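I am attaching a structure below and will ask some questions about it afterwards.
For reference, chains read A, B, C, D and E in written order, and residue numbers begin at 1 within each chain.
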Amino acid sequence: MSSVLPNGSQAAPLMAAPGFWRRALRHRSFVIGGVLTLLLILAGALSYVWTPWSPYEMDIASKLQPPSASHWLGTDVYGRDVVSLLLVGARASILVGVIAVGIGLVVGTALGLLASARRGWVEEGIMRLTDFSLAFPAILSAIMMTAVFGPGIVNAIIAIGIYNIPTFARITRASANAVWAREYVAAARACGKGAFAITMQHVLPNISAVLIVQSTIRFAIAILAEAALSYLGLGTQPPQPSWGRMLAEAQTMMWQAPLLAVFPGVAIGLAVLGLNLLGDGLRDLLDPRLARER
Amino acid sequence: MSLFLFKRILTLVATLIATSVIVFLVLEILPGNAAQMLMGADASPDAVAALATKLGLDQPAWTRYWHWVAGLLTGDLGNSYAYGSPVSELVLERLSLTIPLAVMAMGLTTVLALIVGVTAAARHNKLGDVGLMGLAQVGVAIPNFWFAILLILLFSVKLQWFSAGGFDGWGEGVGAGIKALLLPALSLAVVQAAILARITRSAVLEVMREDFVRTARAKGVSQRAVLWGHVLRNAMIPVVTVMGLQFSELLAGTIVVENVFSLPGLGKLIFQSISNRDLIVVRNCVMLLAAMVVIVNFIVDVLYAAIDPRLKASDL
Amino acid sequence: MSSAQPHVPLLEVQDLVRHYTLPRESLFAPAPKVQALNGVSFSLEAGRSLGIVGESGSGKSTIARLVMALDRPTSGSVRLMGRDLHRLPRDQLQAARRDIQMVFQDPYGSLDPRQTVERIVAEPLAALSQSTRAQQRERAAESLAAVGLRSSDLHKYPHEFSGGQRQRIAIARALITRPSLIVADEPVSALDVSVQAQVLNLMQDLQQQFGISYLLISHDLAVVNHLCDDVCVLHRGLVVERGAPGDLFAHAEHPYTQALLAAVPRAEPPSVRKML
Amino acid sequence: QSDKSSMVLGMTLEPPGLDPTANAAAAIGEVVLYNVLETLTKIHADGKVTPLLAESWEVSPDLKTYTFKLRRGVKFQNGEPFNAQAVKFSFDRAGGEKSTNKDKRTYAKLSTQVADDYTVVLINKEIDPNLPFLLGQPTAVIVEPKSVDTNATQPVGTGPYKLQNWVKGSSLVLTAWDGFRNPSSIKLKRVTFRFISDSAAQASALLAGDVDAFPRFTTRAVPQFQNNPRYQVILGGSRAKTIMSINNRKKPLDDVRVRRAIAAAIDRKAVIAGAADGFGVPIGSHYVPDAAGYVDTTGINPFDPEKAKKLLAEAGVKTPLELTMTLPPPPYARQGGEVIAAMLAKVGIVVKLQNVEWAQWLSGTYGGAHNYDLTIVSHVEPFDLDNYTKPDYYWGYDSKAFRDLYDKIMTTANEAERNKLLGDAQRMIATDSVNAFLYQPQFPTVAKKGVKGLWTAMPIFCNDLSSMSW
Amino acid sequence: MPLLEVDDLHVALRTPRGPAEAVRGIGFTLERGETLGIVGESGCGKSITVQSLMGLLPSSAKVSGSIRFDGRELVGLPEREMCKIRGDRIGMIFQEPMTALNPVHTIARQVGEPLRLHRGLSAQAARQEALRLLERVGIPDAASRLDAYPHQFSGGQRQRIGIAMALACGPDLLIADEPTTALDVTIQKQVLDLIRDLVAERGMSLILISHDLGVIAQTVSRMLVMYGGSIVESGATGDVFARRAHPYTQGLFAARPALGAPRGLRLATIPGSVPELVDLPAGCPFAGRCAFTIDACHAVRPPAEMVGVDHAVRCIRLDAVEAAQASTHTGAEVVR
């Protein structure tokens, strides 16, 4: 790798560009996505200071109530307030999504970039490693991790994160290889740039669109994976609520209280929708070709 | 071609060796053992000890590893601790469900995704596109067990067209087997199809910008025929890549849906076997999965070459 | 350095051979080879320019890549001011690259769409990492001015420019280190005539102004004729003929050169030709 | 159901094999007991024990010697005759060196003597008044010597049904055996067991008509069937005791006041509602209402959070007291844990819930170092007060008074007297607040309207097919 | 009746920055067997013009005016009808031989496709016909390469395949949109020779787009010079080359480096760049880049003025241009 370090970082020059926010506010899917995502974050933040009821307080006498003035979305099987659970559950879901995708994104992208920068046996090795880890589906590694370290949100997050690594590695490598074949990379090499600098300054920015879109999709999958793990008792542990766990719990009540499954389902759906829209918007906005109007 | 095959086989072997070591080590860490699990809490301790001896659990780890690997090489996978029957039999039984299920789910996924993806791309940025992609967006966000229950509610409980779960093997006839797997396959397919549809759409859009599409249109080929006859096959490379990933995922990642439909699938077997500490089954299943993933990758690569004549098998 | 040192040409290419190995078709058959270059030698004096013409696939771009040390030759050497580029250690090669820059054929593909013009133009400086951001910006502005662009263009992105302007940006990037040699691989073949003229004029001006040498690769004889002191005709990886363009085009000896010349369409309608 | 000769039963767990003498899973008994494999005695829903392969038995006054007269003309399904040798073989094998019988210890104490072909004498080293009951359990099935190695996959018994087909993971089919001694009493010719572990799936299978009857149905989904005219719901007691075990060895749990405080903090009604969806009967000790000698001890440690706080203060415990509760997988434990944690929080005990697998629970909580504070588990063994006599048992209750009392119970032949002593034992455990005794689970059976002969109570887990019909 | 009559053709494209008038009132006629060249700077609307003839414009395009092909109005013709004309009556050759062929279909299939579509030939018959066509365009050993894929051919060969495809149904009109720009000179010569021969042989009409004046000179009998979406000069090739009446035409000629010209000579360039289509000036599109610009140039679009037989020019400063041309006409620009 070259001894030359990149001179200053890419520092998202577009974000800093004066018109960025003005343009962003005119981008429909960015705005809708942004609002939904902001709501998600706000819900999580709000739960730290206020919830209509305590999300841990059980009142078994008033279980499974339909939505009413006192319990806006009704109560669950332990008589807890669904709104409060949803608010607090947002935290766990954000955490799972962000960290699990973060792990996959950072490690997977790094591996993918390394593979395409080094080629040869490094690439071969990394790709075989991803093959190998794909043989362990998320649920399987989660089961194993749980069996060894005990269940819990942290292990669930790590298991999902690990599963994201090969996916990101493959996608990154494929798109990075395409970028490496471009003439502007040859130009950079002709300038004497090292593989590291080229990777950071040319390859990464040019595959960012792919990564952004993939991240938002993976975010959704991570939240749902947490739900599936909770369904198997491997995810978030009680009494900590998470949307996935609420969904999993409501699933056993599908026949008596179908609404209980609808609320967290809708919450997940909205969060995922928001992130996808935000991702699409961000991809457009960060693309200089689409960004500037003359 | 043969070099390519040779490389592939080498890869397979290396992957399997690595898998065997890691799987064995990881499983060694698991607390508890099969004898204890099988005998339960109220069992007499000496009965538990007798069972442990019978199962060979009291031997040192490396001996057990060696027995296992030696067994693998001679094609003897050993007997399940819990069921007492040969692992190979057990696994084959499960595969006779899991593979058809995965194939059906993948087939449904592909058909749904291609129709939705291509249609959306053809109506790029029009109402149809926005609508279909919105639907795909929703599809991605639906938890599949939730969708599975809705399917059961509609088709099994209300309409009583299908049974609500269970699978009695192919002995009852192919039609009955397919019928039993249809709802599970559908509930697996919806989420995957939503993802694949998005990828299909963008791949098709990309290809639609290429010059040869214009050439085809200049020959008088209609818009539709261009889309299905010329564009789609060119757009298949990224689609097939994702399909390969999804198929690998389906092979073992269907535990939840198997649960909802109470299907005896491979995922459930692994899950059960881990909780029963039937480690001999787990080990062999994971090996099988690893082998299958490598094989699926291989199939994907062969498909690449079949789709795109520019990629000869020798270049892979 | 003592003045007694023997004369060293700016660029000296000796017996350059590059064979590409294609993937094996079978396990036992030997891997097929493409002999892209079969022993090409030429040298280029400082301040002069050399054109390389030849049909598609004759190995022109391969020469460019080898001269730029973007690829390793099968055998032979590339000496830049006496230093064999392919034997230099990494850091010295990096330093040597200051003296040699490249302009690519495709003005659309050779500029990173996600970087501002400033970063693109300053890239060679940044790679040498001996200057601050401010210095780089200043040099980039100078360089842009030299190719007739404004410093307000620094903050734009490539897509905001026309093909001719983009090629100017690419040239500005090549100029920024004040190289002694610019390797230009078909710098104008993607441009239409009026823009092509702008770029060729610019290259000519810069040659006069900075004394830059060009290694100009093209399949357009007229372009080479316009800019170069010497021409090599490349055919199947070998130099089949060389000389000053005027002489060469007037008295081509090698049949391939003749064919090449005969194929050039003349911008005169049949009627005019008949008149002559 | 048009076909009156067949029935589909739902089961939550699939048996891992079909040999109850080699494997402890309750699901094995649910399939084979009394159907394929038979025992000398038969336990009925009401807990009564009647002859089955034995025609009658006599007990010596010292309660140590049992003489069984065996039924004649009984054949095993492989054609071998059933006789005293088979009985001796079965019991010797169960108690033998290599035995992997769960109740190995019980059989090791028995010595079996063949008096004649149809008379067996059992001599028990220790007194156990419940022996006839024990001999009706799955582990006591009489096996045919030649078939013992294949019973797990091809059980050979004397019962009315044979294994027809087993699709592992999905379903198992028993068909009536035409060689059965009394074939006309068997109404169902073909019975399918369908294994459905997921609770929502259980409900949908019933609703979709895939399953005709589902014993021990998931409690969560019961309410919707209770007011559905197409279905019948049978609520039966059991011998199971769902308790929150307390690690008596650990500080400060070794202090009886702390244990009492914990007990007083728990509202059993709410626990039953939360953990068992209301299907349970509160118990105050390790004993169930259906069992002989039961006394109501729920008043000994009543729900009283104020008293709980006081007790904690008395014991000098600083609140919040932090404890972990280790929870095995069943829903009653996971849900009950959540509910109890919320209750304990109110008296200043902060409980960290830790979900574990059974294997972990067995090796870490139940066995090994007994590394836990609290755990929830359902003890399904019918007679298991003796666990309180074992100081090394997982809850670590060490009381000489109780051991003496228990010895006396075991040696008392007179039933009324024994019952009185059993009452004392229950009170002693409750007073010592060894564990927090929660409830006796009720096992709901949901079935289509026409299904007859389902057990109402469940002293043991079994599906007695011979009594069932449409 | 002429084969093709284009009258006052306008094409407006929807762009993010508003509608762009890529073609602004073009009109020309083409007789059967006639060859017509279109030259002009990149982006001046050449491709859009011919694409509108083929009905291949993006759906965002709005076409107005009239295109009469063989007496039939093509503007507003339903897509189904247009499909019948495309590839059958009008064939088209594209610029990029590397990308104009579908990489995943065999060449036999691609060349035979129009035949199957328009002539209803069976797959087998289409294959036979494709073989004949490929032999005709000079693919060596065509019979054995029918099932080869495009990437197995060289650029020149691919362009020949493209030509075979365009000719498959024997169209009345062949449109070639920069068919040789991507090829090197020797191959370019082969391809152009081939097109010329085929046109002569079959009596087709030809529209050839190029910005290479040499190519135009050698291939077509009449030519149009386009700039900014309109035709600035049109006439017989010889006349236009001889006269170069429009300043833009002059600029194009001057910018071309000529083989054999003395070294070091600066090429004449046209200052500035092509105007944005979105805000094209009201007047002459070349105004501003033209040395002869006066205020009137900006005011109104110049009308077509006949400067010879069938030689029209849109410029109001023709006199000044001609005067200047006479005085500065030096040898430097003369093509040999």
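In this text, a residue touches a chain if its C-beta (ideal position, glycine included) is under 8 Å from a C-beta of that chain, and two chains touch if they have at least 3 such contacts.
Heads up on the chains, UniProt names are A, B = ABC transporter permease; C = ATP-binding cassette domain-containing protein; E = ABC transporter ATP-binding protein.
Predicted, not measured: the structure shown is a model, and the values here were computed from it.
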| item | value |
| --- | --- |
| Contact-graph separation of subunit C and subunit D, given in steps at minimum | 2 |
| Longest centre-to-centre distance from subunit A (ABC transporter permease), chain (CA-based) | E |
| Winner on C-beta contact pairs when A-D is weighed against A-B | A-B |
| Chain separated most widely from subunit C, comparing mean CA positions | D |
| Intercentroid distance (Cα basis), subunit C paired with subunit B (ABC transporter permease), Å | 52 |
| Subunit A (ABC transporter permease) and subunit C: spacing of chain centres that average the CA atoms, whole Å | 46 |
| Centroid distance [mean C-alpha coordinates] between subunit D and subunit B (ABC transporter permease), Å | 39 |
| Between subunit E and subunit C, distance of the C-alpha-averaged centres to the nearest whole Å | 31 |
| Contacts with two or more other chains, residues of subunit D listed in rising order | 200, 204, 207, 329, 357, 359-360 |
| Sequence positions of subunit E contacting 2 or more other chains | none |
| Touching residues (chain side subunit B (ABC transporter permease), partner subunit D) in the complex | 30-33, 36-44, 46-47, 50-51, 54, 82-85, 90, 93-94, 149, 152-153, 156-157, 160, 162-169, 171, 259-265, 268-269, 274-277 |
| Subunit A (ABC transporter permease) - residues contacting subunit B (ABC transporter permease), complex | 128, 131-132, 134-140, 143-144, 147-148, 167, 170, 174, 217, 220-221, 224, 227-228, 231-232, 247, 251, 254, 261, 265, 268-269, 272-273, 276 |
| Complex contact set, residues of subunit E against subunit B (ABC transporter permease) | 54, 56, 79-80, 83-88, 91-92, 94, 96, 99-105, 113-114, 117-118, 149, 151, 162, 165-166, 168 |
| For the subunit A (ABC transporter permease) and subunit D complex, residues of the former touching the latter | 56-58, 60, 63, 77-78, 146-147, 150-151, 233, 237-239, 251-256 |
| Subunit D residues touching subunit A (ABC transporter permease) - in the complex, by the definition given at the top | 199-200, 203-204, 207, 218, 220-221, 223-224, 270, 273-274, 329, 331, 334, 337-339, 341-342, 345, 353-357, 359-360 |
